[in-house]
Structure formats: structure tokens, C-alpha cells
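Two complexes are shown next, each including chain A; its partner changes from chain B in the first to chain C in the second.
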Partner chain A sequence: MSQKRNIIPWLFIAPSLAIFTTFHFFPLAILVYASFTKWNLISPPQFIGLENYLKVISDDLFIKSLFITITFVFTSIIINVILSLGIALLTEKPNSKLATLCRFIIFIPYVLPDAASAGIWNLLFFPHPSSPVNVLLSQLGIGWQGWIEDKNLALPTIILYYIWKNVGFSTLVYVAGLKAIPKIFYDAAEVDGASRLDTIKYVIIPLLKPITLFILITSLISGWQSFTDIFVLTKGGPGTATTTLSIYIYHTAFGEGLAGRAAVAAIILFIITLALTIIQLRYIKSE
Partner chain B sequence: MNKENKIKNLIGNLIILLIIIIFMFPLIFLILSSFKPYREIVSIPPTIIPKEFTLNNFIEIQKKIDLIRMTINTFIVASLITVSTLFLGTLAGYAFAKLQFKGKEKIFVLMMSKLMIPTMVLVIPWTFMMMRIGLIDSLLAIILPNLSGAWTIFFMRQYISQLPNELFDSARIDGAGEFTIFLRIILPLIKPALATATIINFLWGWNEFLWPLLVLTSKENFLLSIGVAFIKYSGGVMTEGTVNYAMLAAFSLIYSLPILLAYLLLARQFVQSIVLSGLKR
Partner chain C sequence: MGEKVSRRDYLKVLGGTVGGLVVGAAIGYLAAPGKVVEKTVERTVTQTITATPTVTPTTPAKKVELPGWQWGAEYEAVNKALETIANEWNAAHPEAIVKYTIFPELTEVEYALKVRQAAEAGKPPALFYMTNTTILTDLASDGYLEEPPSDVLDTVKKAIDPAFHYMLNMYSPEGEVKPYAGAVTIGLSACALYYNKRLFSEVGLDPNKPPQTWDELIDAAKALVKRDSTGKMIRAGYSVRRGGNPGGIGEKFIPFAVGNGAKIIYKEGNKWYTDINEKPVIEAAQFLYDLIHVYKVDDLEFPSWGYDPWLNETCAISGPLGVGFITNVQSSKPEMLPYVGVTNVPSPGGIKTACSFGDLNVIAVCSKATKEQKEKAWEFIKFFNSPTNIRRISNDIWNWTPYKDSINNPPFSTEKAWQELNKVLSNVGRPHIVNEYGPGWLTLTYTLGENLKRAFTKEVSVKEALDRTYEKWTEYMKTLKFYSG
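Our next item is the complex of A and B:
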């Protein structure tokens, strides 16, 4: 009987463990092996030592893709945090139907599938005088822009997209955080005669620090890996203006057929994701 | 309320109203554009309400890439992934929560480490593996790696470990096997958790993009997600090389519609589930 009891837990976890091993852990080993080979995914790989590593770190496009990813992730996250804190403070009023409606509506872009929300953004910013954003610009007396097809505006357009897409989620997290602040803090601030602005600055923002950190780290991890939206909006273009690390890996492996070299970039992506996740776990534990 | 506060409140409400308008506009524009002919979208000035109401965009898409087939494919993939992940994930979550075995903590940490691997890292080896076993261009290639999920295991472990042990102990004394306990006692008790995991896994399945983009090559196997990219980069491209935005609108609308409707009907559950899932991907 006791023998049987020991086997049963393994039967319960075996299917999941088998799937993870086959499709997630084992492929990492293939990837590491591939990083030392010249390989186009079809013909047998040839061992070339560290050549891929040297090629990748001396590849201007790889370095550029790192910069683009960092610019895009940090800019969108910082604006997103400021904006969502503002909206959360504005809409936390418990009895306002308008505020509830607002939180409901700004969450829609986050719920939509990525490819669909990127499709919608494309519809607003398409490079033609009659796209909605260009019509608005011409009302303001500014000429129409190419947006996703303009090499200077493509990345800012994607950053705006990410803010529109994610601000609803961060707002909800902030609202939950605001609700958890005990009323006594507000009362104390009022007794001290603090203005609303001072209360926000010296009471609310410091108390929300753990929430802010949570939003920063989770958006950093997901933004760092983002692919779908950028692929649908620009495919990394025009030229290489929006080639993030993910687009670089995709293009190197499946466009140029250099799977070995792409494997090196993928390993770098993995290590950075790993580091970010470990920081997040440390932080969750310390809270 | 004094006068000053009233004015502040009014300004606050006006800003909220402005945010609502800014966020509603893209959705309304999407819906209206789906029923416009292309020339109305690019006319100067463009129309807002369609002058000529047409279903032609949907008909054209159906002709080009079989929208109905793609919708069915997406439903099949998202549903199978959801059912399988719920079943296998709950089984494992129960074992981690309530059963004792050697190396339990270590295996749990190992399985959770799957969450740290970006899909972009896996698709290179997956392409190679699927070529070897002949699953390129099959929906099975999408389903197999997603048959179970680390988040679901984690979530179920948390939920089940809150249930009191007495519930199962008496059944064990009565001689019930672990699997019977799982089916008869656990599953009925965790319905709210199953609902949350269903929403999350279906959303994720519906969202799958990168791997389908790489592994599915023939149109009859396409999913709606990659249909968007197809409409933008090949299917809907007009003769002069510009994208047919009317078709892109119609297609994005179809792809969003099931999720939008589910969100309208189940807003509270959606919000709770997504906040619980913490991180999207």
C-alpha cells in the first residue's frame, strides 16, 4: 500500500513534466548546441566553435536591436506608470459610474488579442492623409505623417501603442493598491492640513512603491520579449528602425537562415529574461 | 460640498470623459471601417459613418483566406489547449498541494522555471523538432507544447492547498483512491479556480502568434492571429502596394469579437482572472 501511495503523486505530475521536458527544457539544450554550429535548420549543423558568438557581438544590427529594445521598453513603461497612476487617482472614487466605466473601457485594449490590437493601431496611424491621426493633425494645421512607415516616427508610434495597450492593466493594479491603503493615512494627512497634492506626493506615492515596482518589473519582462504587435505594425521596419531583439532573432533564423547565429541572440534574450525574473522573485519574497 | 470642490469634481469628470472618448474612438472606428468600402477610408476627407454600407470586406476575406475555416481552427486550438491544460495542470497542482513525495519542492521549482523561457527562444528548436516528426503545417504542432502550463499548475496548487485536509482524509479512510478523490472531491470544490484558469488559458490560446506564424504554411491551417499579418503583408495588399485597411479592419474585428463579447458579459471575472495571472505572457 505505501509503495502504491508513493507512485501515485508521480502519475499526477508525469504528463505535465513530460510535456515541459520535451517541449521546453530539452529544446534549450538543442539551442545551446546550435549556437556552436553553422546551421540553416534543414541541412545537418556544422560545428564552428565560438564563431557565432563573435559574429553576434560584433554585429551592428544586434547592438542596435538591443538599444531599440531598451529605448522602447523603458520609455513606454515610464510613461505608462505615470499615466496609469494619474488615471487611477482620478477614477478610484467608489461611487462614480463614470469612473467605473472609464476603467472598464481602458482595459479593453489589454484584453484584445495582440495581433488584433496592433491591427487597430495600424488603422489609426496608417501612412496616408486620410488616416484618423493625420486628419486630426491637419485640423491642427500640421502636415500629415508617415508614422509606421517613417523611420523617425515608427518607434514612437509603437511606444504610443504599448501605452494604449497596457495602461488599463496598470491602472487596475494601482486602483487595487489605492483601495488597500488604510483610511487612517488620509485622515492623518488631513489633520496635518496637507493639500491633496501633498497627500499624493508624500503619502500615497511612497505607500504605492511596492505596486509601482510590481508594474515596472512585470511590464519589463513582457515588453522585453514582445514580438507580435511589432511584427504586425512594422515587421521591424522601415529599414531596421524598429528591429527589437525578438525581431532580430526571427529575422536571423527564419529570414536569413542563420539558425546558429540566431541561437546566440536567443540565449542572450533568455539570460536577460532570466535575470529580470529572478529580480522579480527576490522582490516578491522580500515583500 | 463647497464651490471650489464642485469645480474640481467637474474638471475631474471632464478628464475622465476625455479618456473614455480617446479609448472608445479606436474601437468605434474599427467597427465602422469594417463596413466601409476601401475608397471611403482613403478619401479626403474620409467618411466617419459609412456612406455605402457594405459586407464586401468580409466576403473578400472569405474568398482569399477562408475566414470561417480560420475561425474554426482558432476555436479548436484554443479549446483543446484550455481543456488539456486545465486537466493536466490541476492534476499536477493537486499533487504539489496535497500529496507527499520525495523531491517535491525541487520538481516544483524546476517546473515553474518554464515560465522564464520566452517563446522566441524555443521556436528555433521547435521548428527543427517538428520537421523531424513531420508535424510542420499541422495544428497539432501548436497544441503539443501547450498541453499543460506552469501558471495553471502554480495557481491550482495555491488554490487547492487552502482546502482543509479533513475533506480528503475521511474519503481516504473509506478506501477511496487518489484519482477518485481528485475527480469526486477536488474538482467540484475548485470551480471558481477552474473558471479563472479557463479564461486565462483560452485568452492565451486565442492569442498564440509567433509559433503558428512559423509552423503553419497552408491557408487551410491558418489561425486568426496570423491572418492579421497575412492580410497586412500579402493577402490584402492592393495593386499599388498599399494595405487594404478596410479588410484589415474587418479581419481584426472578427478576431476580436469573441473576446470582446466575453469581456462585456464577464467583465468582473475577466479583470479578476487577469490580475491573478499577474503577467500576461
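Our next item is the complex of A and C:
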């Protein structure tokens, strides 16, 4: 009887395990194999050992795309966390219709499909004097900007886009976290004579640590893998100013037909994401 | 907490995991090709033609479906005409339904990959509708195109002006030049430059003397460029393509290189080579680079490329662009039509060495389709080539196709812009026979585009960009059966 009971859970798990294996482990195994081959996605792969690894590591564009990804991910995450916490603190008041409306408006970009929101952004920041943002800047006397066509502004524009798109979700998670903090902590702080700033610093931020870590992990993974929106907005350009690792992988595999090299870059991307996630999870555990 | 796990439990977990892995791997192996195709289809706009019977159908024998995949979204009028022809065929032939699908978002490389994967999965399209025949050159040399029966070939050759017959040809997998196209659908992706005659007059240039050489292009573009009081560009003299689909960047550059004597891809013995990092190509790339950075007739931050900047007069000379440019002016801003001037893609030797990017948009049949599908597909193409349908896809909707009857009838015989284009196309000294360019063409234009982007934004030198293109294309060619030395 006991033995039977122990098997049943595994029967329930087996279908999802099979699906997970099919769509995650199996492609991962193919990816690892492909990284040791010369392959164009159609012709039979030819085993070439470590050649792809050596070529990718010595490719200046790969190194550049790695730095672009790091800049993109870390800048956008840091700003996103600070901004969303700030918005959550400002809009957490219960029964405030204005606060609810604000949260709703901020959340809209998050639920839009990537291609659609990137399309909206493209219209707003179109590099022409007549685009809405440029008209506004001109009225303020700043003059119009090239945005995604300007190699110095393209990456900051993408970072701005990423924050606009994701700040709503992080805010919502923070608001939920704030609501979960028992009132007793605020009362205790008040009794101790803590100012609002002190309460934020010594009560709210420490208690929201698990929430912050959750946002960091999810943003980190999605940031590293970001593709659709960047592809729609800039296709990695101008030049290679916004070529992140995902865009590099796409160009190498589907444009240049060098799937083996792309597999190496994908494995490196996977290892970095995995390492960062493990570090963060260990940190949570130690806390 | 701290509960001891027995060896038996470990074995169960291990057994469950291994079992799941084995089952999953088996499902993955069986399902993988189909899944890939399905995923690609998600990103497309599908227009399935539903038949409205206008002709009494014959008794159906064996029902065959003819998936017809069109790369790229054309003008609404052209798509509608193609759809109408398919509709009428379907009404009369319920035993062979053409399922016309447009893939507007795929790049050339993605489309070709999709075809290959679909064929591997046993579900290839029967018909290729092309608005870009460079894809077909790739598929032809890889064995995906069926040679037309002689009667189909005769029909299409009789209908097309002889000057364009060579554009039906492509390289076979054996490296022989053979005709593969069965019908012409959407005209010719010829590359010409389109200039604004009104702006030419405004700045004191002769609107009837367009630039034909590199030096003339520099002079004209310098006269036409306009900046505001802060020095920011408000009108480009000439637009250098450096954004969007990398394949497009490479493709629009190549006429300049060919006009300067480059061969791009060529065959010697059984091997294919490229001169992509040699002198004629380096000089052409340097010329475009200089237009941006030395002569400053275009700014990298300024959106100058495409139809709209020309129509809005924020770019004075556009191209190389296809014949659809004029169709687009006619449909979007007809009042601009009298200002359309057409000239050849400039080359150092002028029109004598200029290159017309001859690229017929055609319908071809997939060699991997079933025998029944292929038979019906050729029948459909014969139906497509009827005089009524030719008129419908050309004269009726202002879609210039090189059919004799179209060229010699209004609007093409009367409208000035069309006449100028025709003159340019028939007078160029070095027709650029893109259809005959062999294996690896798409990959080369894509890789070239990616690297030219870097050169134009000063990330690497022109030479480095072209060396990199050479290195990557050569590596790609080694994955094919066509070895490149």
C-alpha cells in the first residue's frame, strides 16, 4: 500500500516531466552537441571539436554583445527596482482610487505583447523632428534627437523602454509585498519615534528583501534573454550598438547560417544566467 | 526537516526522471521538425482563399491542396489581384485548391529556412510566390525547385519581353543554368535610383540630367542636402541604406559593387568563390561610406531610407529600389508622380557599366511537393499566364511587369516615369543577373549587410567589414556540398 502511494506522485509528475524533457532538456542536449559541429541548421552537422568555442571567444562582436547585455540588464534592473519601489510606496494607500488608477496605467505596458509595445515606442521615439517625443523636446528648447538611430542614444532608449515596459509588474509585486507587512511593525516604528524615511530604511526595505530578490531574479533572467522588443526596435543597430547576446545568436544562426557558433554563444548565455540565478538563490537561502 | 531518504526512494526518483527523459526524448525526436514549422507560422499573416463558385465545377478526381507561400507583403492591389486569380482557379478546380499564404515578417533567410524545414517535415509548399527572387536562387541551387514543363516555359517566354528572358534562369544543384520560373507575378525588383525633379529644379540642377556616375551623384546630392540652423539634417541629398533587414542592406549595396566590376559570387570548376573583400567591392563600400562621412549628404541619425522620405521630400534621391517605387507613388501620393525621375544605379563608368538589379518576381513549383501537387501546380501556372490574368496583375493595377503587352500599353507606354524606368532598364551596360547567382547568395547578402552596418557606423573599417564577410561566408559554404575555396 505504502509502495503504491509512493509511485502515484511520480505518475502525476511524469507527463510534465516528459514535456519538460521534450522542450527543455532535449533541445539543450542538441544545443550542446551543435556547439561542437559545423552546422547550417539543414545540412548534416560535421563534428569539429572546440573550433566554434575558440572562434566565438575571439570574436570581438561577441565580447561587445556580452558587454552590451551586461550594461542593458544591470542598468535597467537597478533603475526598475528603485523606481517600482518608489511608485509602490507612493501608491500603496488603501482605498485611494487615484492610486489604483496610477497602478493600472503603469501596468498596461506590461500586458501588451512585446511587438506591439515596441511598435508604440517606435512611433513615440521615431527619429524625426515630427515624432511626439521630439516635438515635446523641441518645445522645451532641447532640440530633436535621433533616439534609436543614434548610436550613442540607442542603448539608453532601449533601457528606458525596458523600464517603461516592466515597472508596472514590479510595482504590483511590491504593492502586494507592502500589504503583507503586518501593521505591528509600523506601530512599533512609530512608538520608537521613527520618521517616514527611517520606517522605509529600517522596516520596509528589510522586510521586502524576498520580494526584491524575486524581482531581481525574474528581471535578470528575462533581461538576459530579451530579444523580441530589441529586435523590433533596432534589430541590434545602429551598427551593433544594441546587439545583445540574444540578437548576436539570432544573426549568427539564422542570418549567417553558422548555427554551431550560435550554439556556443547560447551555451555561454545559459551558463551566465544559471550562475547568476544560483548566486541569488544561495543568497536568499543564507538570509 | 532532516528526514532521511532511503536508497529505494532515490531509485524511484532516478527511475521517474530517466523514464521521463526517455519518453520526452522520444516525443521530442518525433515531433521536432513539425514543431519548428508551427512556431514560424505563428508569426505570419495567413490568407486562406475560400472559393466562391462562379464556374460549374468539374467532377473532382483526387483532391489536392496546393499551398502557395508568398514571401513579403506586396502592395494591397497586387495581393488582391493574386488572391482573385487563386479564387477563380479554386472555383473552377475544386480538386486542386490553391491556399495562398503571405509571410510578411520573415527575412529572406528565414523564409528559405522555413521551406527547408517544411520539406524535411514532409509538408513543403507546392508553389512559391516571390516578391524577391534571390530566395529562389538559393532554393534552386539546393534542389528545391522543379524545372517547368516545356509548354509552360514556352508560354511565359512568349509573353515576356525577350530582354528579360535571362531572369527566368537560376543555378541547378549541378551548377548548370536552367529556367525555373513559371509565371511572373509582381514585376521586377530592378534596382534604379529615383530622384525628385522638383527639388532638382529648386536647387538649380537640370531635372533631365540625373547623376549617372559616382562623381555626379556626389555633386547632385551635395547640392540637394538641406540642414536647419543648428546644422541638423532636414533633407538627405541621397540615402545610403544602413538599417533594417541586413539582407536588404547587402542587396542594395551590391549594384554599386557590380557596377565597379565586382563579380560577388562566381564559379570556377566545381567550386564557388566570392570577391567580396577585393578591390572593386572595397571601393564601392568606401564610396557609400564617404557619401555619409566625407560628403555628408546623409546622416546616420536621419531616417532617409525608403518610400516615405522621398514622398515627404526629406530625401531627394532614393534607391536602389524596385519598380514598385512608382506603383507606390501612384497609390500613396499621386500628385508627386510628375516629379518622379529615374536613373541607373551610378557606376564609375556611367550607364555603360551600370548595373540593373534584374530580379523577376515569379511563381515557381517546389520539387519536394507530391507528383499530383506538381502536376496541378503547373496547370495553375498555365491558368495564371492567361492574357486576362496578365492584364489583371499589370496594367489594371499599375504593377509593372515585363510582359510585352504590358510594356506596350498604357499606363506603361504613356506615363513618363514608367518610360524613364524602362529606358534605364533596357540601356544599362552590365545587367546584374541576380537570378543566376548561386548557392549561399542569401547568406552572403545578410552577412555583408551586417558588416556594412558596422563599417558605416565606424565600428570597423570598410576592409575589416568585408574581410569578416568573406571569412563567415566561406565558413558557411563549407557546410554545403558546394565547397568554396
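The working rule: the second predicted complex is superposed on the first by the 251 of 287 C-alpha atoms of A that agree within 3 Å, B and C clash if a C-alpha of one lies under 4 Å from a C-alpha of the other, contacts with A are read in each partner's own complex, and residues count from 1 in each chain.
The rule is simple: contacts are C-beta pairs under 8 Å (C-beta built on N, C-alpha and C of every residue); 3 or more make two chains touch, one makes a residue touch a chain.
This one's a predicted model, so the numbers in the text were calculated from it and none came from an experiment.
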{"item": "First, second, both or neither for A:His128, with chain B first and chain C second", "value": "both"}
{"item": "Which of chain B and chain C A:Val111 touches, first, second, both or neither", "value": "first"}
{"item": "Which of chain B and chain C A:Asn40 touches, first, second, both or neither", "value": "second"}
{"item": "Chain B versus chain C as contact partner of A:Leu140, first or second or both or neither", "value": "neither"}
{"item": "First (chain B), second (chain C), both or neither touched by A:Phe254", "value": "both"}
{"item": "Partner chain(s) touched by A:Phe20 [first = chain B, second = chain C, both, neither]", "value": "both"}
{"item": "Chain B versus chain C as contact partner of A:Ala262, first or second or both or neither", "value": "first"}
{"item": "First, second, both or neither for A:Ile184, with chain B first and chain C second", "value": "neither"}
{"item": "Which partner, chain B or chain C, touches more chain A residues", "value": "B"}
{"item": "First, second, both or neither for A:Asn6, with chain B first and chain C second", "value": "both"}
{"item": "Chain B and chain C contact sites that coincide on chain A, given as residue numbers", "value": "6, 10, 13, 17, 19-20, 23, 25-27, 41-42, 126, 128-129, 235, 254"}
{"item": "Residues of chain C defined as touching chain A within the complex", "value": "9, 12-13, 15-17, 19-21, 23-25, 27-29, 31-32, 107, 109-110, 113, 116-117, 120, 230, 232, 234, 242-247, 299-303, 314, 443, 446-447, 450, 453-454, 456-459, 472-473, 475-476, 478-481"}
{"item": "Chain C partner contacts - residues on chain A that touch it in the complex", "value": "6-7, 10, 13-14, 17-23, 25-27, 38-43, 46, 61, 126-129, 143-146, 149-151, 235, 237-241, 251, 254-258"}
{"item": "Sites on chain A touched by chain B in the complex", "value": "5-6, 8-10, 12-13, 15-17, 19-20, 23-28, 30-31, 34, 41-42, 87, 90-91, 96, 98-99, 101-102, 104-124, 126, 128-132, 135, 164, 168-169, 172-173, 176, 218, 221-222, 225, 227-228, 231-232, 235, 246, 249-250, 253-254, 259, 262-263, 266-267, 269-270, 273-274, 277"}
{"item": "Chain B - residues contacting chain A, complex", "value": "12-13, 15-17, 19-20, 23-27, 29-30, 33, 41-46, 88-89, 91-92, 94-96, 99-102, 104, 107, 111, 114-129, 131, 144-145, 147-148, 150, 153, 177-179, 182, 203, 206-207, 209-210, 213-214, 224-226, 228-229, 231-233, 242-243, 245, 248-249, 251-252, 255-256, 259-260, 263, 267, 270-271, 274-275, 278-281"}
